[in-house]
Amino acid sequence: MGKSILEIDDLTKRFGGILAVNDISFNINEGEIVAVIGPNGAGKTTLFNMISNVIMPTQGEVRFKGEKISARKIHTLAKLGMTRTFQNLLIFENMSVLENVMLGTHIKLNTTILTAGFRLPSVKKDEEMSFYMASEALELVGLKSRMYERAETLPYGLQKLLEIARAIVSNPTLVLLDEPMAGLNDSEKNKITQVILNMRKKGYSFLFIEHDMRVVMEMADRIIVMDFGNKIAEGSPEEIQKDPKVIQAYLGEEVF
Amino acid sequence: MLEVKELVTYHGSIRTIDSISFHVNTGEIVSIIGANGVGKSTLLGTLAGLYRPSQGEILLDGESIFSLPAYKIVRQGISLVPQGRQIFSSLSVRKNLVLGMYHNYQKTKKNLMKSKIDKMLEIFPSLKKHLNNMGGNLSGGEQQMLAIARGLMSDPKIILLDEPSIGLAPIIVREILEILQSVRDEFGMTVILVEQNVKAALKISDRAYIMDKGKFVLSGHSYELINNPMIQSTYLGLKT
Amino acid sequence: MPEQIVQFTITGILTGSIYALVAIGLVTFYNVTGILNLAQGDFVMLGGMIFVSIYKLGLPLLPAAVLSIILIAIIGIFIERTAIYTARNSPIIILISITVGLGIFLHGLALIIWGTSPQSTSSFIGSEPIRIYGAVLPPQGILVIISLLLLLLVLYIFFEKTILGTSLKACMINPEASQLVGINVRNMSMLSFTISAAIGAIGGIIVAPISGITYDMGLMLSVKGFMAMVIGGMTNVFGAVVGGLILGLFESFTAGMISTIYSDAISFVILILFLFLLPNGLFAKSKGKRV
Amino acid sequence: MDIRKILYNGRWKSLMTMLALILIAPFLFSSSYLLTVLILIGIYSIVTLGLSLLTGYAGQLSLGQAGFFAIGAYTSGILTTAYGVSPWIAIIIAMIVTAIFAYLMGIPTLKLKEYFFSLATMAFNMIVFILIVGMYNFTGGAQGLIGIPKLSVINFPLEGLSYYFLVWSIVFVVTLFSMNIIQSHVGRILRGIHSSEIATSTQGINVAKYKLHIFVISAVFASLAGSLYAHFFNFISPFSFQVSVSIQFLIMLFVGGARSSWGAILGASIMTLLVELIDWIVSSFMNGGGELGLLIYGFMYILVLILMPSGLVSIITKVTDKLKTRFQTLFYKKEEVTIGEEHIGD
Amino acid sequence: GNTKSSSTVQNEPSNTNSSDSINIGVLVAETGASSSMGKPGSEAVKLIDDQLKKNGGMINGKKVEIHLQDFKSDDPTAILKLKDLISKEKIVAVVGATNLSASSAVSTEAEKNKIPMVSLASLPNGYGHYIFGVVQKDIVIQSVIVDYLKKNNIKSVAFMHARDGFGQNGLKSFQELGKENNIDVVAVENFEVLASDMTVQLTKIKAKNPDAIIVWTRPPASGVIAKNYKQLGLSIPMIQSHATANQTFLDQVGTDGEGQLVVGSKLNTINQFPDSKQIKISKDFSEAFSKKYNYEPNVFSGYAYDGVQLVLDAISKGNDTPEKIRDYFENGIHNYPGITGTISFSKDDHSQVAPDGLALFRIQNQKWTLVK
């Protein structure tokens, strides 16, 4: 396992009286896939939002590649190599599927308003590069055939794939996926699982939230379990599957 | 009780629902299963009146509800729990629930309403502490629970559930499916269920339809389908 | 000096109340449809005009007021069905633009019917001003404040405590889900438009004896009402009232203490600064949007 | 799939059409009055083109564009009348002044969302108006500023036809510039901001920066238009720069089609012509006064908006698309491409 | 079609040939901010037009047509409309525009095109070769007020004005006039034309203790001021401008206006004056006007009436080109009995209008009564 790229220390978040995340710490190493699971309302999404700087933590800090990122602007994270998807989809509805993903290539481009306005040669190069990167990513998740459709007309399941394509198109080091498989059918799930496992081989790391235990067991190297904002367990899939606390709070007796 | 004949719905020029016929009996749980984008949500949306069908017939207890607007269909006793939750994000959880019984609010007594809300909180205890929190602040799964609870609040004759298990913890999924069975058993409520979680869906449903590209390609009793090798390989991820 | 300060306060509250009345109407329609009705000020104008005409025919105050409110409500229904409903599938911004057109249409109409001269009535409740610490409060002013408070109370109860009010709000938050629970979204738009038109008429009736009604006062009122509404956080009737009062007080105090020429400019600068501190207005509830 | 199609989405064909129209138009409309109307349309188009970027694409509803229009007009006006600066230089200075102004103002205001931003821009517009009226020693106050010199090239004053060509060549350049922006990565960024700022920033995009840049550009366009306006009428008064004028600009934009450069120009044309047309009808056939015109105008205005909810340009696109598919299916299969700009007749 | 830039239009005799009728342009603000002044003006013009048409539209055997255009209180629109009138109707003279800024905007255009213009606002700073005016200069109107002040030994006044051209210009000229006559302007307050409350301004004025208040605006603002003045219990004299002298104002203030002073046109109380040629014309006009429109004409109707009549007068004397009309104005108008005052033009003064059409009125029993 590589060196640690994401370090989370004592992260805590309160919303008024609700303690959504309570003192969570863990690390992610290079090339690792880590899953966060836990009952509804356990604080998983809140944890993601703090890691990706969408909301400010009440306490604690996040370091990415050794840098403290909690004080940074959201947009600087992509350049550092961290991207994410959203649980309640945030696709650009007013654009085609292709354009959605092309936006994800931003950090690789140099176009500014003025160069664009005067259509300098660099702009064309940028566009071409962006186009090829985006098509590749769409190919990877299997959306290439629909790349010219308006994103909002895609069925729910495919919109999820679109978000994944947009998150991986810029070759980030770490991708946060919030319930990537929700709403996908089994064959899509298998496909995405394969895509992610392949990317891991190339050195990408993933942190993901998922309720589909089959996927979690298949993909995760390590699982973190949350309940009521607390980390109640951490370990390999095998360990977690057998952990009575986890079974009681989350899995129930029988695993589907 | 619900009878659909040769239903056609378009999205622009695309024939998303391509002449579908089926029927559902009172007290049945029927599942509709299919890959992403085959038109399941569109079918439920059409039944609930969100999309306007262009051909066919929809009969509820023998009466046509074809092409009625959504708000009138609810009054006929069909309630849809849509995909993507669609809760009222800036209203409190309590108000979300109260609005669930909007169409028969006038007829409902105050204390009955209270007991109904209490019942929902019993089913979904995690909503309890959020009763005055705004719907949109809830976690994904909590919102899903709220959406289902809101659908149940209207005491529908038929409830249409569009992938209710999305975002729910496994333990809750199981609970909800059990609840559906028990509501059916207790009140004779009819359930039409769209699910990606095929195994679970087939387990609780009486019958199921398999949908592909806007058509029903296969149908039958759940226990038959679950043993069908085609289903097993395509939808249950089992290698045969 | 203290006498002056009392006077500025009274003036501020009075003008603020008028802004607040417009703002309440704006909020009522906005809450349901998300549309900023820039013709709201013209409903105030029209209501006032119709009222003055009826009143001058010799009808007693109350019946004249009720009749003109009803008339405006009917006009509101008609306008909603023709101009707003027919365009219901258009983007919000187009609907807002339509209301601008509506304002132009209405004030053109008023110009044809009533001409350019202000229409006004004498004060309803005597004209002997009430003295407070050497400052004066016109009796009509009391009526303004009372109606404002009453309206506020009624609307507050309506929006917060009744299912109809809640369902009106639901329409804007999520029209699709509203239909799914059985709300007839189209009618709700009409209902709210009618209510806000009627609120406009009340505003007009109250203003008639104070400053008179001129055909071209609408846009200015809409703009001030909009400001009040934004200060108060857009969706909140109570906020709209507080916003209106704040705006009125700002204006009268900057005019009184600093400079009349630049009073508006100064109060706008303060307003902008204020927005930077509270970028969602005074009483903004969280939108309930998270990712 | 040809990448060129995305980049140069029929741009040149439509631009050439525009060029041809610019050249022909004055010969179709001979009177100095109609020429004036065409010049006005050109001037307004420059404003709406900027507004299209800011409001149509980036989704920032500005109710203060007339304020920048005013800064342009008055900077030009004051510099040339009181300080004898050459009009050309005055225009440039006005643009720079506006840019600085917009930049400083944009940093805080653009943090505001939706209507709150609109309110701030509106307040800005009102402040500009009040200052113009109040500082009458500089600006001439409510009476207006007279004696603004004409633009001239080597002692040859630009007026009438030559001014027309000046204005419309500027419109052409501004259109090209806007289209270049729209049909590029920046255009997508702007639309992304419109759709969701959070989602846009998680793509690594500095939303604040792009919003600010586009705000400054749209302000500079408005300023340029304001200067041209001042040098055209040789007279300006504050009432041409009220908030209601800002609203007018927005409406032009939406009538034409907010998300298209063509829409911006079309909207400016339609709304300006509509006013003149109604005036003409009312004064020649109806024996009515201006109030009847107002009524008809309001009515037409509503009608236009109801009939064309996504702007005139979308209707034109639909018609030409239909004709095209009819035509194309005869020969080859149509490939669906709609990227960026809604396009007409390419 | 052929193209003409406006510079070529300038060199072209735009009147003579083409049609056989003589065309007169009128620019008024029927709508928009200045419409409360423009509308009564446009109705006066329509009245003249009616009378003209009754005579078959003929003067001196030539057909005369009046082309009235609404410039919507928007100054550039006024310019646009003038261009339209010149190029389409080939007008020989233009009367307008209602307010100051629009008048000064169109004056440049009229001058450039060598079209004589009769302004309906008092253009302050100089005038062109072709520009005339039928409105008393502010200073002339204000001299009526100053007379009153002097008579009553008032030495310190407050000046209140609207933030528009009318108000700002009124202030400027009153300050000059005050200096000449040893009257101190101890307080200056201004307001938005559409404001609905002026208590703040009046309160500030009250604190400065002036002996009188001069108000330079039009209704509804002037009515609001009158009401607030009453409410605040002020008792020093308050004198309002001629823009306020109309029935509208009386209606608006009701009993609250009792005792307040207004500079008005004799039109306001036409029966209180001994007969003269001027009074006769005014009476005829006033009667015809009230019959047609159901309200009394005011100063602005008078101005527009005088303006158009001057042009018709020129035409009736056989002057049918812009050049001839201009020359006639400069040489032929002496002691012309205008409704709003006796008009005398000369090479040096293109807008000499005596204040004799004006008088100071006091409101008594909700009616105008002449202040002797």
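Going in written order, the chains are labelled A, B, C, D and E, and every chain counts its residues from 1.
Simple rule for what comes next: a contact is a pair of C-beta atoms (placed from the backbone, for glycine too) under 8 Å apart; a residue touches a chain by one contact, two chains touch by 3 or more.
Note that the structure is predicted; figures quoted are calculated from it, not measured.
Colleague: According to the touch definition, list the chains common to the neighbour sets of chain A and chain C.
Modeller: A chain counts here if it touches both chain A and chain C, which gives B, D.
Colleague: Among the other chains, which touch chain B and chain E together?
Modeller: Shared contacts of chain B and chain E: C.
Colleague: Taking mean CA positions as centres, which chain lies farthest from chain A?
Modeller: Taking each chain's C-alpha mean as its centre, the farthest from chain A is E.
Colleague: Using Cα averages as centroids, what's the distance between chain B and chain C in whole Å?
Modeller: Here the centre of chain C sits 43 Å away from the centre of chain B.
Colleague: Return the distance between the CA-based centres of chain A and chain B, expressed in whole Å.
Modeller: The computed centroid separation for chain A versus chain B comes out at 29 Å.
Colleague: Need the CA-centroid distance for the pair chain D / chain E, whole Å please.
Modeller: 37
Colleague: Could you please state the distance in Å, as a whole number, between where the Cα atoms of chain C are centred and where those of chain D are centred?
Modeller: That pair's centroid distance is 31 Å.
Colleague: So which bits of chain A are touching at least two other chains?
Modeller: 45, 54, 86-88, 90, in rising order.
Colleague: Any chance you could list the residues of chain E touching two or more other chains?
Modeller: In chain E, the residues touching two or more other chains are 31, 33, 35, 39, 163.
Colleague: Please set out, as single numbers or ranges, the residues of chain C touching at least two other chains.
Modeller: Within chain C, residues 108, 111, 261, 264, 290-291 contact more than one other chain.
Colleague: Which stretch or stretches of chain B touch chain A in the complex?
Modeller: Spelled out, the residues of chain B in touch with chain A are 11, 34-37, 41, 83-85, 126, 129, 133, 137-142, 144-145, 163, 166-174, 196-200, 234-237.
Colleague: Which residues of chain D touch chain A in their complex?
Modeller: Where chain D meets chain A, its residues are 3, 6-7, 177-178, 180-181, 184-189, 191-192, 194-196, 198-207, 210, 213-214, 217, 336-340.
Colleague: Any idea which chain E residues touch chain D in the complex?
Modeller: Residue positions touching the partner: 1-9, 29-31, 33, 35, 39, 42, 46, 67-70, 72-76, 79-81, 83-84, 86-88, 100-101, 104-105, 108, 124, 163-169.
Colleague: In the complex formed with chain B, which residues of chain A make contact?
Modeller: 15, 18, 38-46, 87-89, 153-158, 179, 182-190, 211, 213-214, 249-252, 254-256
Colleague: Mind pulling up the chain B residues that touch chain C in the complex?
Modeller: 48-50, 69-71, 74-75, 79-80, 82, 86-91, 95, 98-103, 105, 134-137, 150, 154
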